[in-house]
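Next come two complexes built around chain A: one with chain B, the other with chain C.
Let's turn to the complex of A and B:
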């Protein structure tokens, strides 16, 4: 008998998924675990982005962008909830309980287990948030862990930019939604 | 210096590029390698993120790389993107000769000159321009749109020039030696 390929093993542990019909999901994205994963409208999952629901359910809102090598894992049974317009850049690790609307998580940032992140936050590259920490709305974490409040009032513009970016990505990334639904 | 690899790990092209079988290259038709470039395992290159619209004068090149470059394990190269005139588009990324990219580094620069060393875990922001003979230390975060002058050593978050390099820096930044070892 031919050896089992890694791909078929992956298929065996496929979690129950609720995927909106308008999402853009690369065929090399990885959804693993046993708890349900649901993804909202117009969300983009780049190739090799990993969602792991072994410990709890994962809910992702509308108009999110999850880049390659992003790792999203539910911290426990209560799961991980990511609201609308959240942008997660490369190499980021998200194990938060919840991430508020319009938050930007940049390259290599780490959100530790069960932390709660408010709306319109920004985590600049390689910053970390500790376990069970609560980050208020509009917080910017930058440099070596410095924090400040974002006083600018450009939240709506930021949302529009995310929408434009998703439109642009539509022409470039081949979506294979059906692969994750069987 | 990396140890000598087991035979068969790399695929060698006609121009002497050595590309690991375990590397992760998307949209290879949009990537130009100048020759004698080494791409190690788990390295991600996003050639699929090309400029939107009709192919221009130079076709649809997303990433152009010079000679004697070295991309270490788990590094990521990705063309920068932005919204311009109401539409989101990616812009081509150019790398010169003798560019070293360390383990786990993420590069979204618009242009990187020749004889540039990017340390492990560094993050180069979108549309950054790095001139010739530059050494970027490990774990540096270069902010988006930064221009780094020639002969500088950059460190910190955000990355700033901490020292000028001597005129002899080019010799120490040459990568012919590494190419011969692999």
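Let's turn to the complex of A and C:
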């Protein structure tokens, strides 16, 4: 027997959403769960990006980019909070308690349950962070789990780049905010 | 270690004498000694188990072929020649004169990250893509601003970096000295010693004096001077000879044979002498103190440290690594200086102008199916990459060399392989003349007949009876493997090179022979109660051969259709490779 479609399952439990009016959300993004999900201004949710609030609320700040097949899930009742200017690349899994401002989570990186990530961190492709780990500000995790402190002063430049990228994405992604509010 | 793939074929290169045989005769033309029986009479069977054979056996794809010598050339008997130097990052060709004067690193903007070794990119830090510029690693976010270096313009980074490193490494009193020219090559590993420099402009501790760099500059000047003197001298003149003698005798008389006049030794040494040079190490307290302060995350890892020429202990002392140049190489035959491989001069191209891969002139031998125990029949396919019909003679000792000899018998040791002509001949051939094929009586498996043949390939049956290995003796891994030495001799007629334009129709008979070693497979455990008499009984019919083979842990006997398909695909690929290279 064919397995039941998961989409039809979740259709019943659509979470209460607070979506900013300037948000860019694809109609094929999936917001599931029962706890509230709130998304800040100018944030982009690519097609097939998944937010799961079954275990707790999810809060996403301004100017974030969540790429396709990104999986963001709240680890527990305290929820998951992603601050402004966070870029989550394709296929990344985020189950962190909080992700600080200006952090880059690259392709396929995995932030384990309840970990706390500081500001302006960078997670190279396919790197992982363990459960309940605390990652300090400006940490770069690369290679086979090597870590270093980023001392460069180009954080503001990176934020500007994110803003410019969002401007570009407006022309590429068709937003369907109304679908998630009903 | 990966398990070896059976069956495999290795070809012997006769470049070193006395390898696995008494004397290499293949260095002469085979025509001088054409009789195969004579080979055997002389006991020149190649012994694949001889310890030295391991150095002369190569897989086909590692071999080149010299047309002038009519010989296989292994990596040991070809000579490498550097065709060009290029930077793998920017793909610019670097002239060899520049390599000699500037060192073997890219002098453009190619640098790699000292932390994670990814490529660094020139990035603007100012508004609207204006300066100052930095070299930024997109992977780990390391940048030259981490070591306090920024650049005014986005081009000629190497020169800017050189000037900045020099300025930082000099004591503050000398910092007004003119930026050094590119001659002293601070990016080259040669020019650096092991002392620790600090490039942070506001460092409270002055860096130690650059003794190594000064020494390098002095030596360089000295040798340059010697060089100019030598070139201005008349060739072989008395002056240059005495100069050379003076150069080599100075300081050498310290040894026991020193009878020369001692006062000469007092002369300050000019050239580089390793024995005499020693260095008083600086106190390391300072470095240890810094390491304490920096902690684990401020220290370099082993790989980060050894890749740097000055071997820094702290992350704040690392510098961007200029990209190492790479080469394209041509290969020459060592005996006749004939070029075997010549790559395209252009860096971006991966094509070759000349490439005499052994596969072109050697007959690729494919063996199908393997199975130890009892009588086993193998199909041995000889593929012909040449445009001429070849006659193949295979010779093999009745018993393979080694402690536990296997019995080998080739049903049809002499046969013909068709020319590698148009692919369409094969495609249309069977339809065009199906009766001719059937009339030849294929696939009978009788002695003296071939098994099957196609456009440019022929298969024959090879029978092997592996030995029974004693259970009570401790055996080495090598004893389990059946290795069959086969002498392959090919005779063909080819057109004579038309140098004069007259000998157009003259055909020249060419012969080539070489030893190859077929590693058939591993002798397995004897299957209880099944000794394989069935196999020997059905050996005469041939068709039933594969079905009669007992299954082994190493591989299932392949289906006949499958093998047929492989035949075609392999022969086709050979044809294509031949066509592409010509």
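Quick notes on this structure:
The rule is short, and it goes like this: the second predicted complex is superposed on the first by the 172 of 182 C-alpha atoms of A that agree within 3 Å, B and C clash if a C-alpha of one lies under 4 Å from a C-alpha of the other, contacts with A are read in each partner's own complex, and residues count from 1 in each chain.
Here is the rule we use: a residue touches a chain if its C-beta (ideal position, glycine included) is under 8 Å from a C-beta of that chain, and two chains touch if they have at least 3 such contacts.
None of these values were measured; they are calculated from a predicted model.
Using the contact criterion defined above for the overlaid structures, shared-chain residue A:47 touches chain B, although it does not reach chain C.
Contacts of A:68 after superposition: chain B is touched, whereas chain C is not reached.
In the superposition on chain A, contact of A:143 is made with both chain B and chain C. When both complexes are overlaid on chain A, the residue A:116 reaches neither chain B nor chain C. In the superposition on chain A, A:165 contacts chain B only, with no contact to chain C.
If you count the residues of chain A touched by chain B and by chain C, you find the higher number for B.
Of the two partner chains placed by superposition, chain B and chain C are both touched by A:124. By the touch criterion stated above, A:108 is placed in contact with chain B alone, chain C being left untouched.
Within chain A, the residues touching chain B in one complex and chain C in the other are 124, 142-143.
Within the complex formed with chain A, the residues of chain C that make contact are 115-116, 123, 125, 134, 136, 139-143, 145-146, 297, 301, 315. Touching chain A in their complex are the following residues of chain B: 24, 26, 44, 46, 48-50, 52, 76, 78, 81, 83, 86-90, 104, 106, 121, 123, 125, 139, 141, 157-158. Residues 47-48, 68-69, 90-91, 107-108, 124-126, 142-144, 161, 164-165, 167-169, 171-173 of chain A are the ones that touch chain B when the two sit in their complex.
Contact residues of chain A toward chain C in the complex are 122, 124, 140, 142-143, 146-154, 157.
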